[in-house]
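Some structures to go through are shown next.
In the two assemblies presented below, chain A is common to both, partnered first by chain B and then by chain C.
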Partner chain A sequence: MAVPRHNQFFIDPNRCIGCQACVQACSECDTHKGHPMIHLEYVDRAHSVQTVPVVCMHCEAPTCAEVCPADAIKRTEDGVVQTARKPRCIACNNCVLACPFGVPEMETELKLMMKCDMCYDRTSVGKKPMCATVCPSQALFFGTMEEIERLRPRSTPINQFKFGRQIIATKVHIMIPKTGRAAYIDVTAAMDERSMGKDITLMILDEMLDVRG
Partner chain B sequence: MAKETIKATLWGALVTSALAILIIVGSRNLAHFDAALVGYTFAVLFATFGITYRYAMWLQRPPTALYWKRGWQVFFRPRHLSRNLAQWFGRVTGEFALNRFIFRRSKSRWAAHWLIMWGCVMAMAITFPLVFGWIHFETLPEDIHWYRTYIFGFSTFAFPIHSIFGFMIFHGLVWASILVIAGVMLAMRRRMRDHGAAALQQFGEDFLPLILLFAISVTGLMLTASYSWMKGYGYDFLAILHAITVIFTLLWLPFGKFFHIFQRPAQLGVGFYKDVGERSAQAQCRRCKEAFASRMHVEDLIKVEQQLGFKYEIDDATEHYQWICPRCRRSMLALAQGREWNEEVKR
Partner chain C sequence: MATIPDLEQDIIERFGPHLAYSSGVRLETGIEPDRLVQTHCCFCGQQCGIQLKVKDNQVIGFEPREDFPFNRGMLCPKGVKRYLQGSHPDRLLSAYERDKKSEGGFRSVTYQKAVERVAAEIKRIQSEFGNDAFGVLSGASLTTEKTYLMGKFARLCLKTANIDYNGRLCMVSAAAGNKKAFGIDRAANPWSDILKSEVVLIAGANVAECAPITTNYVWQARENGARIIVIDPRITPIARTCDLFLPVKPGRDVALFNGILHLMIEHNLLDHQFIEQETVGFDSVAEQVREWNPKRTAEVTGISEKAIRQAAEWWGEARTSFLLHARGIEHHSHGVQNVLGAINLVLASGRIGREGCGYATITGQGNGQGGREHGQKCDQLPGGRDISNPEHRAYVAGVWGVDAAELPGAGVDAYEIFRKIDRGEIRGLLSICFNPKVSLPDSKFVTRALEKLEFYVAIDFFLSETAHHADIVLPGSLHEEDEGVVTQIEGRVIKINKAVDPPGDARQDWRIIQDVAKALGRERGFTFSEPREIFKELRVASRGGIADYSGITYEKIERQQGVFWPCVSDDDPGTERLFEKGSWNPIAKGAGRFYFADGKARFNVAQYAPPAEDVDQEYPIILTTGRVVSHFLSGTQTRRIGPLIDQYPEPKVEMHPRLAEKLGVEDGDWVTVESRRGRVTLRAHVVATIRPDTVFIPYHWAGNQSANLLTISAQDPISKIPEYKVCAVRVSKTD
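On to the complex of A and B.
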């Protein structure tokens, strides 16, 4: 079985409300029972409520698989980068350190790397991944390109990311403004960017002051 | 032919030749070599070539080559050698003999693996020396009820044939088969009932090895049943059937799932590399300033990525994306997306 080509994964971190529903649902997945593989990250916990759900982006040329000395990470024909093969993984941590999105997790006790495999037990039979099924704000959306275009008329999906001089293409898309027309998201350019909460608060305050003024 | 292929072919030829010479020497110029087992011998020689070839190719991949080199370097580092040796014994027992890490993954998986592993180890320890003519038995001239064991042609201990010890020794492959069949049953049960396994498993990668092990064990047991209880009924046919299952498995050894047997010891080297890394200088994230890995590991990974053609270099003080911790990478993805929207707001 394979993930149907028309079904795509779209992430809009802007919509994330940090409710943890995705984390709880993820641990229900049959391929990694009891271990949530999604990261729900606080971007700057001290100053902002901004959160981001990070799943495996399923790169077309996965760095994690390339740097694996045991050849334990395989990409299926339908483009899903699988979690480490249990007989092969030697728990070296290369994949954890090399993934540009910071996705794989090392279970040191189990001598095993585990990561999101897009709920392959579900998506390969036409169902949605657990996280996308429960996400109340639809920050995690699994469906067709037509659906996302209809539901998010101001956004457009992008699956090219720049890290330093390296551009990585992925199976999973991130939603960006339609008018931006960026060829890729430059991740390293956001190194010194401040969390969104701060900026939005200040902008709202500025606007309020303008109105009153 | 590529340089890597030539190197791997030469290693394969060297190790196979060494084994062939050991067979000739160990069986005393084939004096104790059983010609009926010649098919098994050639299958083992082929498997030796295939395994060595694949292993040599595998060791030449940039990440494997680096870990291989570093694993030995950190193990023999004089400052850590005594501690490493003590840990080596602990790890070989805990990780290899007991499969503790598989036990933590799942108890049923552990039971299946442990039974299959020890069944196969026992079977190989018995059959390989017998096939190579390294071990043979002779009756004592003064008492035909006693056997003397010869190892590499050297006389060793003697034991009564009709004793518990003799029974256990001569039925060694029966005990091995029982272990393997029990393990295969547990593994097959998991593969048929577990939804997660069902989504990922493939016939060639996951079912074929179990089917082969089961076929070897059952046909082996049938041979014992034939000569013990059925006056050798169908023995010749069963012997050929058993030989086919074993030879097919040996020929398939370098290509399929069983190759993990030869890859797994790399876990030991990785363990020492991580231990030494933890006791050495740490890499600090150049964004959040937190320590997140050993400096040695990050520097090695940068080299590996460069060898693989990745260009994660950054043209500022950060120098390389590898100096950013995984947590900051996740945050930066959100910040990068937010940046696009902020620019939209400004527009």
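On to the complex of A and C.
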């Protein structure tokens, strides 16, 4: 059975609290128990508690599959890019190096590339992915476009990403503030600067505190 | 009894903490569980709904529980990995007796023999030194049935006044403040009211780490247009993107609340009609906050005048709002004053008792609410009754079938119990669900007291650090091995369902207590055969009290997905929101909506005083303590769960780069933190998300990693909560 088309995956980094519930829950998934497929990183912990969760973006034209010499990575009809097929995967690392989002991981012990398959075992039977179900801040959200538009009026879902001259369209959406409305997220443009977003800083303190000690 | 120091390592080798990871059947794919048990998480006060996968009397995993309205499937990492506490290698499977010749310092004994020894020691100590020489320490992670039974056991079976519980470290400042202002101690509103608020003010609550699911309510309120104001000395994840951040200097919260009220009065941002008709005491409070002009408030709190004015404007002008606070303002030697200062802001706004107008403290422990209602507090009887009130005593004595004169009077708080042990006034101790050696401040003192006990029996499922000192250990039950009710963060009574049987000789805690009563030859009143029977008696014992559960049944809880107390009759669905216009309560009897004879809420003058131990030349830095998202309280459970330890393996000292530079410390360096009470050496975590005058250490760890070696045992004079959130330390790079 296919993933119901009306439900989609949205990442809203603005909401992420870095709690790792998604990572811990991902490793409970029946198809890859013990191996979390989510990347959750601090952007710059020395300056901010901001974290960003990344699941597989499920590209319309998946670079990982395009570069796979063994044709081990398949995209289902409903747009889910599957983890590498074990009999075919030759653990060459091409996909790991090529993915613009840095998603696939090489499990050297298993000699197998593994990545998020949007909990295909759950979503294909009408359940939500594990991470989006448990996420306490709903930074990971699984629902319809109508729901996300109603629930998050301050943000716009974007699913086009520009890497240099390449524009990639994905099944997964990223929520960006409406004030920063854009047709796509230019990833390379942001690579050289530290992303502080709307982060609160302790500037207030800098003005008035004398540090003792 | 003293733990011989050189045995400590042996004890740890034998009893842990060892780390559990998924293995065996838990790691296999395609396993069909025998059943899914709908229950709740064993950790914090939110009590998220969860389904446990059970196979062959083992919890092998979880499924989200999306039907429970509070969390709708959401869980934090602790909830996700909680199942790993079952079938754990450290699990106590038999009773143990101290024996320094045995491996690990304890030898396994038969359950019956252990219980008989407990009874004999209780008898010996009480006949020699009096009934009050035996103390009881209980906890708020137990089901309400157990907490009720613990109170009854202390008063009726042991006839000791000296019982208290670990909510003393948690909920008591909020409880005392709520009773003074509203006459009742419960979250005033369901969390759904957060979604309808124009301003959400969060004071001293690391929501994202300590009550993670509440985050979604706060973020959704913001999507709906709310402004979020956060008061905290650290930029926690909930503060990172808030609309206004007030980085209060630890211990100065009440000054900030008074300063905001000062501005609300100055700019006439008050609900005059509400204040006049439904409250008393405003004039004295107004008089007292006159001195808290923005300049003085800024000086004392370390927050800019501009930010204070902005907070007052937003809070004052809002039409709807929700004020949340937690241990950040409560863990102080003036914690009750902080709470009263916060409540004064709510009362001045008149925004209480209606949709979108809310106030609540965020309960910490799983049954932080229910565990503080039915008689395990030193001065309390079931139903939130007062042990010093003759009518209350008579009612409960009637339920228990004894003369009121037989009930002891008020005892002392949990920390004072240790002072009494130290002074030789308490000689024997029974503890359950409490790990004071890790969780109480100034843990060197606590250890010294434990070493003075003539006899100590601990009921536990893992050997906690406190239980290292026990003479007898009785193997108790995990959350998933028993049934009963708990009351979660919103005041909603919910049902914990049993998933598996206790393994080995372990048994349900209430059975153990009853076995001790029987061995003492005082089993009258302790012959329940199931939690449902205890609950039935609890309902009667609570009837007519403020925390009235008399209309609650297990079936009603299941039918309604929980029942908010008070619930006074079979056809009463419960009370979701307190203080609604026209509501009736047993104290006001229709005179008004608050729980006082005149039905009016109370403004209380909230006095500012500096922390008990302020910084000085010798100890120039403020230490504040708290939690991290992957651990829970004293860590007895979470320090045994591998993936949670991997997420946050050891405590670190958070400090601002400016302080670090001054100290010559870089991120990852070992630093020694010293107070007048002790010292710890931990790695530095240099981050710009904390005030430069403050360092933070999480308190979940034991031994030489314990933040509570440093903290001070100063307590609030009213609530007796310890001042975990402020003491003076010095920090140096470790050579």
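Keep this in mind: the second predicted complex is superposed on the first by the 193 of 213 C-alpha atoms of A that agree within 3 Å, B and C clash if a C-alpha of one lies under 4 Å from a C-alpha of the other, contacts with A are read in each partner's own complex, and residues count from 1 in each chain.
Rule of thumb we're sticking to: contacts are C-beta pairs under 8 Å (C-beta built on N, C-alpha and C of every residue); 3 or more make two chains touch, one makes a residue touch a chain.
Computed from a predicted model, the values in this text were never measured in an experiment.
Touch criterion met: A:Q138 reaches chain C, while chain B stays clear of it.
With both structures placed on the common chain, the touch criterion links A:N14 to chain B and to chain C.
Applying the stated contact rule after C-alpha superposition, one finds that A:K33 touches each of chain B and chain C. Of the two partner chains, chain B is the only one that A:K111 touches; chain C does not reach it.
Applying the stated contact rule after C-alpha superposition, one finds that A:I185 touches chain B and leaves chain C untouched.
Touch criterion met: A:Y120 reaches chain B, while chain C stays clear of it.
Using the contact criterion defined above for the overlaid structures, shared-chain residue A:H47 touches chain C, although it does not reach chain B. By the document's definition of touching, of the two partners only chain B reaches A:Q166; chain C does not.
In the superposed model, A:R152 lies in contact with chain C only, and not with chain B.
Taken together, the two structures place residues 14, 16, 30-31, 33, 50-51, 199 of chain A in contact with chain B in one case and with chain C in the other.
Interface residues of chain C, counted against chain A in their complex, comprise 21-22, 26-30, 61-62, 64, 66, 71, 73-77, 79-81, 208-209, 212-213, 215-216, 219-220, 222-223, 235-242, 245, 247, 298, 302-304, 307, 615, 620-621, 629-630, 643-644, 647, 656-659, 662-663, 667, 686-689, 691-693, 730-731. Of all the residues in chain A, the ones that touch chain C in their complex are 14-21, 23-25, 27-28, 30-31, 33-34, 45-51, 128, 130, 133-138, 151-154, 197-202, 204-205, 207-209, 211-213. Residues of chain B touching chain A in their complex: 58, 61, 63-64, 66-67, 95, 101, 104-105, 109, 194-196, 198-200, 257, 260, 263-264, 266-267, 270, 273-274, 287, 293, 297-298, 301, 304-305, 308, 310-315, 318, 320-322, 324-345, 347.
Note for the complex: chain A touches chain B at residues 1, 12-14, 16, 29-33, 39, 41, 43-44, 50-52, 54, 63, 66-71, 82, 86-88, 90-94, 96-103, 109-112, 117, 120-121, 124-125, 161, 163-166, 174-177, 179-180, 182, 185-191, 193-196, 199, 203.
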